[in-house]
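In the two complexes below, subunit A is the common chain; its partner is subunit B in one and subunit C in the other.
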Partner chain A sequence: MKYVGKKLGAMLVTLLLISFLVFLAFDIIPGDAAMAQLGTDVTPERLEALREEMGLNKPLIERYVIWLVAFLQGDFGVSYKYNMPVAEMISSKLPITVIMALISFAIMVIVSLPLGIYTAKHNGKRIDRCITVMNQVMMAVPHFFLGIVITYVFGLVLKLFVPGDYVSYEKDFGAFLSYIIFPCVAIAIPKIAMSVKLLKSSCVEEARKDYVRTAYSKGNNTSKVLYRHVLRNAMIPVVTLWGMTLADMLVGSIVIEQVFNVPGIGRILLTSISYRDYPVVQAIIVLIATVVIVTNFCVDMIYQLIDPRISVQES
Partner chain B sequence: MKKKLLNQPTFLLGTIITSIMLLMTFIGFFYTPYDPTQMDNSNKLAGCSLEHIMGCDNFGRDIFSRVLQGMGNTFLIAVATVTIGVVCGILLGAFTGYFGGWIDEVIMRIIDVIFAFPSILLALVFVSIFGTGKYNVVFALGIAFIPSFARIVRSEFIKYKDMDYVKSARLAGVSDLRIMFVHILPNTMTVLLSSIMIGFNNAVLSEAGMSYLGIGVQPPDASLGSMLSEAQSYLFSAPNYAIFPGVMIILLVLGFSLMADGLKSR
Partner chain C sequence: MTKRRLGKVLFVSMLLTLTIALSGCAGDKEDGGSSESAITIGIPQDLDSLDPNLATGAGTQEMLFNVYEGLYKPDSDGNLVPAVASDCVISEDGLVYTFTLREGVKFHNGNTVTVEDVVYSMNKCAGNGSGEPLISAFSIVEKVEAPDDKTVVLTLSEANKDFLSILAAGETCIVPADVADLETTPIGTGPYKIVSRSLQESVELEKFDEYWGEPAHIEKVTLKILADADAVLMNLQGGAVDLVARVTAATASELGDQFNIVEGNMNLVQALYLNNGVEPFNNEKVRQALCYAVDKQEIFDFVANGKGFAIGSSMYPSFGKYYMEELNDVYTTDLEKAKDLLAEAGYPDGLTFTIKVASNYQQHVDTATVLAEQFKKIGVTANIELIEWETWLNDVYSNRQYEATVVGMDASTLTAGALLKRFNSTAHNNFTNYNNPDYDAAYANALAAATDEEATGYYKECETILAETAANVYIQDLAEFVAINKKYAGYESYPLYVMDIAKLYIVEE
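On to the complex of A and B.
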């Protein structure tokens, strides 16, 4: 329990620090909300009056607290460009990115777990070497290039989907899924390669330990030893990797969304950056960072469930 | 030791791939078969031929020349990024690991915060504040890479600082700075070297991703990432335009990751 409290505290401190740093970063850019509303050719007096009215002349810390409280209540500010609440702009897009990340994650787990165990079982044989070579190559492929290759092979040659013809999930969920599955595969493949490699090496390393010999000497057969004893310990580093990849997938979809023309969070983020629409950029960045940090915290907790030794060591 | 390394098939293969790629990159700095920005209307989206071995792009520019230039850009950006990360990482890691105390505590907390922040996101923050361009990308990625190197160096320094040879050096009156950088640092090199290679790969992949999004290297300068994003519109009529830059990225990354693997498994 003490361990959980300590980790929770550290997470909150990190969140506060990140939100403050991002706030500070966007604060030092010349130009503010008042200027964005009135334009550049305006008398200094009017600008000053509006600033006073919007509370932009208050000290930095006070403005940060006001912004943070509003943010926690779901008020992310107003877009300069579209003059509408940021929350409204991103609320319909957020599910797209999250669903994409979750599907990619599911694909990764479903494929890499059996594949990793299979290669570990056949360690050193020809099939293992083939998979290892494939893994090395797949880890070197940037996921957006994989996306382009998938577009070419499945979209243009095999005609399994029409590239760029995205269907909104609100309109037709089935069609949405059958389109979104291709970008998800592109995100998942390099991660599958990574986790298969890690799972295999971790299994092989565990299998050399003394307790495995003991388990065999008690008369257990290979699969019993593998699933009951080895796998449990071998999974620990893999779970850490998966936790980091879940966050990675969320961020990685920013790029993949451009390849497949999916109007998710990444699309808004990039267009907002090019329009210098800072409230939107700020909100999205803080949101994504929050998700990443909370995910890392959850991984720490799951980690402890699998391996109770960790909390004992640290406290 | 060197002989053993080269006997290892993965390391050998990695070295061969990397040498070829580096050779191509260096030749590209001084010589390209055509001017990478010269357009030629009669050769728009031309396929592979003897004159243009990788074909031509939508403006009739020679893809092979652009690939060479793009590799040069990618290589320089990756080297600059890794250099920033490694130098700052070594300094921070060495001081925090060697001296410890509350400074260590504070710096490591800040490093944890940067580490928790995805590197592409950090780069996007930089780009939205300072504008697009390769120098901003180098700066942003460099900062994003500091934490991982700092952590590695710090843990190595903690391991070595209480060893007998360090103690006897201290007794002999050697200054802290000399102990840190002359006595301890060379011992961390094997660990550092493989993480530098992995860092280089991450830099190449991130740079390609950023240029793909149009926030890294700006046109008409070529970059492997931005070539891919242009190539995407002509995927059906000229798949070679996308394939060559993509394969170059893969080979560049693959070579270093094979070498890093070989170093680690030694």
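On to the complex of A and C.
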């Protein structure tokens, strides 16, 4: 329990640090939220009045503390650009990004599990070598490039979907899914390659261990040994990878959103940065950081659950 | 046992997800075949506000033009025509504007526009008597009165010949007095009403059936936000978007034959703007040398496949009355003369400076690149520094910390002042630090002029001074390419930054 407490403490400190760094970064880069709102034709008097109203003239630390206190009370502030509560803005876009990450994750698990086991079974054979080479290539290709290739091949050549014709999930969920599946595949492919490679090497390594020979000597056949004994142990590093991947996918979808013209969290984040819309950027960054940190924390916990041999030493 | 069951549940749920995803994938892609006419228009950025008084982006005003109207509005020839008002009488001294309200103009919520609404709207622009006016030009509005239920009288503290143009600008339109938050309930009098909006995604418009004027042709309009040039090309080619104004020359040439490309002007004064307040550009000879080094045709060739409209001063061709074509020939490419001028100015070995360009405007970046090459020929090294738009606004426009920049200036109203005012030595937005007493005098004369002809003469004098003193290296009004699917027609170019969606119609097959 002490361990959990410690981890939680570290989490909070990290979040605090991240939020402060974002605040600081915005203070350093040029640009003015008031000007971004009023445009170029504004008189200096009105600009100054708005800066005062927005509290931009206060010192950095004071602004940070004001933001932090409100944030902790659940008040995420109001977007400068849209004049709309930040919480409302994010909650309308969050489902898009989350659904994308979940579908990508499902694709990854569904494809990589059988493929990994298959290559482990056929270790060293020609088919295994083929898959390994493909894996290497897929791992090396960044997902946004895959996105472009997928758009071209499936969208413009095969016409399976209309590039850019995103449909809102509120309007037509089926059409939404049929569009979103393509960016999800783009996100999933490099992750599939990674987990297939890990699962295979992990299986192969486990298969060399003594308990496997014992299992064979008890009269089990290959499949039984593989599924009952080897796989369970071989899954440990893979599950760790998957845990981290989930967080990675949430973040990764921000880039892919741009390629496929999906108006999710990523779009809001990017435009808010260019409009110097601090409250929105702050909230999204803290949200993403929380997701990443919490996932890592959960992976740590699951790790212990799967394998009781691993327990965190309390020193 | 429990572990195994958990595994099974997981497996089944994954299978389910995949099935759903794939079945969605296989779904056919009919449009539904509804009889309602519709069009999807691609726009480069989200509308910054649905409240016309608060909207600042040129791209926002461009679209809100279809939703809100002022007492007057511009037409496609650049004339001012009555809109919510049917008539306007201006007093001899130019101080009293008497508007007669048009009968039967309705707001999108079905209410009829009353004089109270007009008074409310005008007062809102003037800041409701609470210090700073919302629209800076309204600082001269002394009072707004409604003597009877179809007349509104505006009294100014000083005459301004451009005041009617200001009333026709998008930001001074008539809004209902009983709607407090236009941001969430946008209500105007235009041919289209806003139905819904999804942030960073789209805005849905619907034809307003009770519009007082000529009704729109197309029932439903979707404004779809396309973040970059790749998205524009893909959406057009894929058929997700029917019309995009201002595509690049490259995109225009890549589009297949299901599109018409309408060519027009962007209505911008694109120039290499020079900071007249710093070395070496405080020297007129240096500025002139740069002007002589420029070959405009080469810029057109490189930036827009040879298309562009040369300009020689801070005025573009759409402003027929003020535009002076002869100023294009003040500086013709003459490298020897340029070198001589540089030597006279004390830079016989050339000089080095930095051009700051906002990286999101490809046409300006391209222009800067060509300019830098051309300057090399006279021994001038121009380094290009790409910066973000917000940084540009802050460093270049507000703080004037730059040597040179390539950008385009647009006119927010149909007045010469919109393009010339900023070169007054005391103008708050005089970001080029141009300081010339002759110019200030000519501009003041234009404002004080009794007749329109006289004013036009002074404005032309202003333009000539800018050209002759080489305030900046004036280059062009960029060519604009509007891509329209051949299913639609009726696109009209305006001398202002607006898109008239009501004029679009579907071509019968």
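Miscellaneous remarks
We take it that the second predicted complex is superposed on the first by the 238 of 315 C-alpha atoms of A that agree within 3 Å, B and C clash if a C-alpha of one lies under 4 Å from a C-alpha of the other, contacts with A are read in each partner's own complex, and residues count from 1 in each chain.
As a convention for this text, a contact is a pair of C-beta atoms (placed from the backbone, for glycine too) under 8 Å apart; a residue touches a chain by one contact, two chains touch by 3 or more.
Note that the coordinates shown come from a computational prediction; the quantities given were computed from them, not determined experimentally.
Contact with subunit C, but none with subunit B, is seen for A:Ile268 once the two complexes are overlaid on the shared chain. Counting residues of subunit A touched by each partner, subunit B versus subunit C, the larger count belongs to C.
Within the superposed three-chain model, A:Gln258 lies in touch with subunit B and with subunit C [touch as defined at top].
Within the superposed three-chain model, A:Ala25 lies in touch with subunit B and out of touch with subunit C [touch as defined at top].
Of the two partner chains, subunit C is the only one touched by A:Ala175; subunit B is not. By the document's definition of touching, both partners, subunit B and subunit C, reach A:Arg276.
In the superposed model, A:Glu205 lies in contact with neither subunit B nor subunit C. Of the two partner chains placed around the shared chain by superposition, subunit B and subunit C are both touched by A:Thr151. By the touch criterion defined above, A:Pro44 reaches subunit C but does not reach subunit B.
Touch criterion met: A:Thr14 reaches subunit B, while subunit C stays clear of it.
According to the touch criterion, the shared surface of subunit A, contacted by subunit B in one complex and subunit C in the other, consists of residues 29, 151, 156, 163, 258, 276.
Of all residues in subunit A, those touching subunit C in their complex are 29-32, 35-46, 49, 81-84, 89, 92-93, 102-103, 106-107, 109-110, 151, 155-156, 160-166, 168, 174-178, 181, 184, 258, 261, 263, 267-268, 271, 274-276. Subunit A contributes residues 10, 13-14, 17-18, 21-22, 25-26, 28-29, 136-137, 139-142, 144-145, 148-149, 151-152, 156, 163, 247-248, 251-252, 254-255, 258-259, 269-270, 273, 276, 278, 281, 285, 288-289, 292-293, 296 to its touches with subunit B in the complex. Contact residues on subunit C toward subunit A in their complex (touch as defined above): 14-15, 17-18, 20-22, 24-27, 29, 45-46, 48-49, 56-57, 132, 136, 183, 198-202, 225-228, 231, 234-235, 237-241, 388-391, 393-395, 397-398, 412, 428-429. Of all residues in subunit B, those touching subunit A in their complex are 109-110, 112-113, 116-118, 120-121, 124-125, 127-129, 201, 205, 208-209, 212-213, 215, 228-229, 231-232, 235-236, 239, 242, 246, 249-251, 253-254, 257-258, 261.
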